[in-house]
Each structure stands twice: as C-alpha cells, then as structure tokens.
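Labels for the chains are A, B and C, by order of writing; each one numbers its residues from 1.
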Amino acid sequence: MGGGRKPLLIGLLLALTWILFIGLELIAGSDVIPDLATALQGAMAGLGMGEALEGNLQAIMELRLWRGICAGLVGASLALSGALLQGLFRNGLAEPGILGLNAGATLGASLAILVLGGYGAQFLDDPGLGASPFLIAGFAFVGSVGTGVFIMLVASFGGRVSVPTLLLTGIAVNACISGLLAAIQSAVLADFEVQRALMSWTWGTLDDRGPTHAAMVGSGLFLSALVIPFVAVELDLFAAGEEDASALGVPVGFTKLLVLGAAALSCACAVAVAGQIAFLGLVVPHLIRLMVGNSHRSLLILSLLGGAVFLLGTDLIQRNFFGSWQLQPGVMMSLIGGPFFLYLLFRRRRSLSAW
Amino acid sequence: MMPRRIMSGACLLLLCCTDENPDAARARRFPPVPAKAGFPLRIDLPGAESFALQQAPRRVLIANTYLTDVVTRLASPERVLALPEQALTWSRLALVDEGFRVKASFREIDAEMVLEMDPDLLLCSDTNLALARGRFAGRDIPTLTLPQPRSLEEIRHVIRLLARVLGAEEAGRDLLADFDARRRRLQEQAARREGLSALFYSNLGGGGWGTGSNSLPDELIRLLGMRNPLADAGRRDHVQLTLEQLITYDPDVIIVQSRAGESEFESESVLRREPSLAGLKAIRKQAIVSLHPRLFSTGSQEILLAAEEIAAQVDRILDPKAKGR
Amino acid sequence: MVSLLQARALNYAYGGEIPALDRMDLDLQAGELLALLGPNGSGKSTMIKMLSGLLRPDAGEVLLAGKDIRSHHPRERARQVAVVPQVLDALPGQRVGDFVMGGRYAHMGFWRSADGQDRAAVASALDRADVGDLADRLLSELSGGQRQRVLVARAFAQEAEILLCDEPTASLDPEHQLMVLELLRAVVDAGMGVVLVSHDFNLISQFSDRVLLMDAGRAVAQGSVAEILRAEVLSQVYGSRLLFAEIPAEGSAVSPMVLPWRWSK
C-alpha cells in the first residue's frame, strides 16, 4: 500500500542528513571549534576506536558526540510517538502529551531532583545513586510510563481502550500533575539551587548527555520501531473507523495496545533523557504527511528519520547562532513549532474543519 | 561563522547599552540614605512617593530573609514583631547563636496578617509584590521595599539605610566598621591567590548552573584575588553551564554547594563521578570548595562568611604549607 | 445445502439498556441470498454487526464454520466474512486502489506486504464493481454512488464466502443498483452466501432467495419472496400505505412489486 520511489528517496536523504548533522554537532560548539579530521578522530576514540585526542579536547568531543547521538534518537522517538498516536486517534492534533507522558516524566524528574537536593534522601542511602545519570532519567521514565499506564487503565473498559475517554482522562491527569508540580515548586521556593534544577528540567536539555542516556533512549526507540511492520497497515485501515478495520480482520484491541505501548515507551525514554521538548511529535508527522501522504508504512519510518533530523537541526541552529542566549531545545522547539503549527492550521483551515 | 560573529556582536552591543555604572544602578534600585540622622525622618522614594517616620519604629515586621540578617544586628529582639519562618534556618540566626529571641514567625504573609499585627515599619523585598506598595485597605503602613543586593557596596548601602531608619546609628556604625574590616582583611590576603580562576557551580544531575558577572558570587571571587572565567566570557548573573563549557573554562577552583549531613547527593559528587570531567585541573588537584548553600544564598553582610570560608579552603587545598596559619 | 452462518437466539441491548435484538435466529446457506427487511430501527444493522462478529451478543451465539464467530482470530474471520458497510465512520485520505487493497489485509503474510495474488484480486474486484477506471482517484473525489461501488469492490477483494451488505444500493442510480445486485446474484449462484439489508422491496423481490422480516429486534416472518412480500405480512410492520402489484417473470412465475403509496383520503 502506498509506496513508490518518493518515500524511499526522502528516507535515504533524511538518513544521510542525520549522519551529516551528527558530524556537524562535533564542530559546532560554544568556544572550541576543531577541524573536521580532529573532530572525527575524537568521536571515533569516544566510541572506543583509535587514538584519543590531547587533553580536554577529547572530553569535549565525546560530550558533543553523545549530544548529537542523543539529539537524533530523542527527536526520532518523539516524532515516531506522535505519528503513532495521530494514526491511532485519526487526529492530526494528537501528540504524546495527551497520554500524560510529559507531565508524568516531569513529576518523576522533579521528585528525583528533590531527593538529590536533600529532601527525603534518608530512604535512599546508596550514595552511588546520586551521581548516576540514571537517577533522574530513571525516575522520569517510571513517572512517564506510570502515568501513561494509569491513564490507559482508567480509559479502558472490558479490555478495550476508549479513545474519547482516553483524551478526557489525559486532560484530568495532566491537570492533577500540574498542580502537584506547582506544589513542589512552591515548597522549595526558598532553596535556590533545587529551584534552578527543577527549572532546567522543564526547559528540556541536550546538554551533558552521555552513553547511558543514549542507551536508554536508543533502546526505547529500537523496541518501539519494532512494532512498525505490525501496525502500519493496520493504522491505514483504522482511517475508516475501528469497526471497519475490525471487519477487514484487524485485531483492533491488540493493535491499539501495540501502538499505545510503542508510543508511550519511545516518548517516555525520550522525555526521561531530554526533558520536555514540545511540538516535535506534532509537527514532524505533519510535515512528513504533506510530503508522502497518509500511508503509515512511509509515514512512521519517515517521521522517525525526520524527527532525528529536525531536532538535530534545531540544536545546530541553537548552538551556532544562539549559543550565548542559552536557548534550550524545548524552548527553541516551542518558539519554532508553535508559529509553524499555527501557520499550518491557518493554511488548512478549510480541510481541518472537516474533523 | 559570519552570522555567529554578527550575533555575538549584537549581543555585546545590547549588554553595553544595558550596563550602567554601579552607583547609578544602586540609586535606581534602592531608596537613598537620608542625609542626617534622627526623627522625624523622610525619604523620597522613586515614583514620586515618600516614606516618613515620626519616631524610631518599635514594631518592625520583616518579610525577607536577608533583611533579617541586617535588622537582627541593628535592633533589639523586642522591636521585631515577626519574621519569616525561613529566616530561622536560612539567616544568620541559624549560623550564630546570640540568643536573639524571636517573638513570632510566619510561613507566608499577606495584607490581612500585616493589618492584624499592625507594625509601625514593614520591611519587604521586591519579590513580595502584594506588600511592596505599603497600602493596606486604605491604611498606610510605612513600608520599605529593598531588592536583593548584587554587590558588596549595595550591602553597605542597605546597612546605612536601615541604621538610619531604625534609629540605630551606633549599631550601624559598628556593623559597617566590622564589615569593612573583614573585607579589607580578605583583600589584603588576595595577592596569594593571584592568577587562579574559580567558578561557582551547581548541578543536581539535571543540568549545570554557574554565576557570571554582576552578581555577589562574582564579586567574592574577585575579592579573594581570583578570576571568574564565566564573567571573563561576558556572561552575567546566574547562567546555565554545560559540562562542555565547564571543560572549556577549566577553572583552578570549583565552588559548589554541599549539604553535608542533610544529603548524600550534591553537586560535588556529580563533579567527581562525571567521567568527562576527570581531566579538569580542579578535579585532578581536588580543588573543590564546598559550602553550605545557607552561606552564600544571603544578600547580607554575612556573605563575607562565605568569602572567608572559600579563602580558607582554597588556601588549604592549594598551599599545604598554609595549614598552620 | 451447507449452512455457512448461524445465529441462535441473539439478545442485545445497546449500553445494556436500549433493546436492539430479541431472540433473533438466522441461518445462511451457501448459494443463498438472504434479504433482511424491516423498518428503520428494527435491528437490521445490529444484526449485520452480530453476524460479522463486531458485537458480542448479550445472550445467544453466532456460529461460523461450527465455531463461535468471536473465537476466530479476526484475520481468519475476515477471510470468511466480508462486510459492505452502509457508510464509513471517516473517509481515509487514500486512493481507490490502496483502499480496496485493504480488503486483502486478512490474506497478507507476516510482513503485511501485497503480493501478485493480492494485486490480481484487487484488479478483478475493481473491474467487477465497475470502478476499474477510478483506481488512482482519491476517495474524497468520488461521488456517493462511486464510493458505494468501491466499498463493494473492497468486499469482493476480500474473497470471503459470506458477504454481509448493509444497504449497498442506497445511493446508486437505477442502472448501478441493478448492476450491483446482479453481481451479488452472480456470486451467490457461484456458491457464496449473501445477507442483504435493504429497504428496496422490488430489488429484494427480484434478486433474493429468502426474506427475513424484522421489527423491533424480532423476526416477524421468514420465507420466500412470495410468502413475505404480501399485504397481510408487510402491513403488520409497515402499516397500510403500500401498493402491491404483480409483475410477470420468467415462464408462468410472477414477481411481487411493492411501492410506498399515498392512498387518497
């Protein structure tokens, strides 16, 4: 279904751009700008191949390498998650946020920061945990998946997830979590250090990422991408309604579960690693749909690739042009994505009113 | 790289335009100190308002932690109606036990509570907008709104101003003399740290923060004779600081907050365990200075406690012979 | 005769409260076109959903190949039962050819890719439903009648033995109404079983083997066209505003004709 040369070409182009952008990440930084050969040597050494660079340059190259790798994987995960959910809900306005995944991750991360900040650390007396990049990411992941599962359980009846109930439950749970977050923030208002740590999480960040982060978001993306062959055609058939899909032989309940599970997993891992990055899951599938149409086999795969390129590109722009302004990717994405999405809505008002 | 240069040029231009000299900044942010001591006292506040006291206030309500630091040095406990609960753990009351008897404390304060306590002087910071205008249901309560100081000179200004307002000239003179003497002592020893670079760093695992110019921590670093590479790079106030930038600046000394006894987790453990930082000078030489956040979260004269502590730790770390001193 | 699909004493109420089916029985034979007839709200569409396994009855069972239809895997079920829905919930932004390929879903393998056999089945189904020339058009560009024929084509592509059609001729012009019914007749004569929901007495009269008359979720009467399309039977359900006539058919047989008629007062 769908198919043709065009999606293949676009896919190839996106994959190459992905690799190219990771290369550019190596030589795009705040102050140290090495030549490409040095940068590549540092990157290879960072992956355990070849000789390391002199002094601190090696450490800087490795940080940039992992930043690039994480940026790509996070973008890919968020866009795939968005594309899956838009297909499932048959609504181009769906995005991972409605499953409460972002809010849940933020709640988890905030609790971890509180623990790190000395609030209630007594019950976690393994000092090794404190330095582990997994503590905040792990808490965020648990918060994200926990919230997603909770929302899905509330929204399902007799083993089937009801989409309208899911959306409403999502709104309610998101509101509750916002309240909790506000309560946490006001409780530590006096503690400047903890307050700042909470803030920087909500802006989303690709700074200071390492191999552990890459492994986390990478495995989430890998597992989620595995379902693509088993839900792509099914999502195409969902387009005419669940009942129609069921009549054609689609195991509707199972497919929904796969799609929701994959969307939740990839988004949760991405948010756990990079904090809140809004709009990407919404905008990228839209762009891809404009290029290749509605066939989910192309749409899902190209969204994955496109998300990687999009976030890497945004990050490159930020690091090259706005480095001194410290615009975090979550902020950048909202600043670019918001107006862009408004533009899309404005241009397509007539066709959108059919929804 | 051309656009980048243009961009940084534009930023620099912007910074130059917004930069005013310290005296002008202080005049804009703080009410002036009245020329002569005694009562009745009158201060013209910015915005054509004025502040007047007929006699020395005896029922002072403090709504801010750093102001607690100053007032508890100038006024006797019976003149202080109430102060914020935070001040019990975050002001000098928690650091030095002088038997200052706190009459009452509150978690949060609003206009209703102010009216109920009926103070004859309300001191608050500019973050408490609900109180800052000093109008309470038609009743005017003499209110002084003082922002958080950003320099040692601004701290001196606050001390002089409050001494006059509280009618505590002598205590004010003593406090100023003490403050200046401690500051001079630190300055005199500054030469031995010449050429060292130091920066304040905070990271609870969710992203790093540092402090650039135009801030008290930056002034402390310079007071101790060291450089702040973040300020040298043209960065102002509290800014986010990535590991990559930290490695690029590679300071001799990293100053972190530590909550020893309260938590196992802190910026220092992030610094020590992050593999990419292993090559930093400060890590290799174990030149990490850790301070309780209480020490430098204040904007009062007590900030010198932090400076003294930093000086002592830096000297001990970098010059083992100095141990005996 | 081989029984393809059986419904036994089906009870169903929407949301557990609004009764839709009341002890409904149905038996579809191979090589039979069974018409479901009844006024609006009599439970015909609910019956189609039951027979295709989309709804679970509150009581009773639907047997496909001797097994409860809901115990079949959806793909296995869809290889045996195809549905021509009355309308779609939403219109997919797809081309006709791709949409009809959806009918092949139940036949596709592990990787869900279409092979030559699938493409041949789609091409043949498109031709039989007379929409071969529309294959590259978007569904949204089609007229209502064209869309209805595309739905029929998709059901043909499914190559099931049982076809459940919910008013497949409702928005077709007379020529295409006959064409679709002739197609259904042809597949029935080739051994398939078709359940046809329709309000069109006269198409039913001409094409169906058996008629099941429903009212308020119950089977009111069941029998041959001649037995059901009579004033005594239909008036129980439709009242008296109907005109009955007889049209000569092949040989000595006659076909009943029924028209809604506004008798002058």
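General observations
In this text, contacts are C-beta pairs under 8 Å (C-beta built on N, C-alpha and C of every residue); 3 or more make two chains touch, one makes a residue touch a chain.
Keep in mind that this is a model prediction, so the values were computed, not measured.
Using the average of C-alpha coordinates as each chain's centre, C ends up farthest from chain A.
The central chain of the assembly on a C-alpha centroid basis is A.
For the pair chain A and chain B, the distance between mean C-alpha positions equals 39 Å. With each centre defined as the average position of its C-alpha atoms, the distance from chain A to chain C rounds to 46 Å. The distance from the centre of chain B to the centre of chain C, each centre being the mean of the chain's C-alpha atoms, comes to 81 Å. Shown for chain B are the residues in touch with two or more other chains, of which there are none.
On the chain B side of its complex with chain A, the touching residues are 1, 3-4, 7-8, 11, 65, 86, 90, 202-209, 233-235, 238-240, 242-245, 247-248, 250, 257, 259, 262-267, 269-270, 272-280, 293, 297.
Chain A makes touch with chain C in their complex at residues 1-2, 90, 229-230, 232-234, 236-237, 239-244, 246-252, 293-295.
Of all residues in chain C, those touching chain A in their complex are 49, 52, 54, 73-79, 81-83, 85, 88-94, 98, 101-103, 105-106, 108, 111-112, 114, 158. Residues 29-33, 55-56, 58-60, 62-64, 109, 112-113, 115-119, 121, 125, 127, 129-133, 135-136, 190-194, 196-198, 200-201, 205, 207-208, 210, 320-326, 328 of chain A are the ones that touch chain B when the two sit in their complex.
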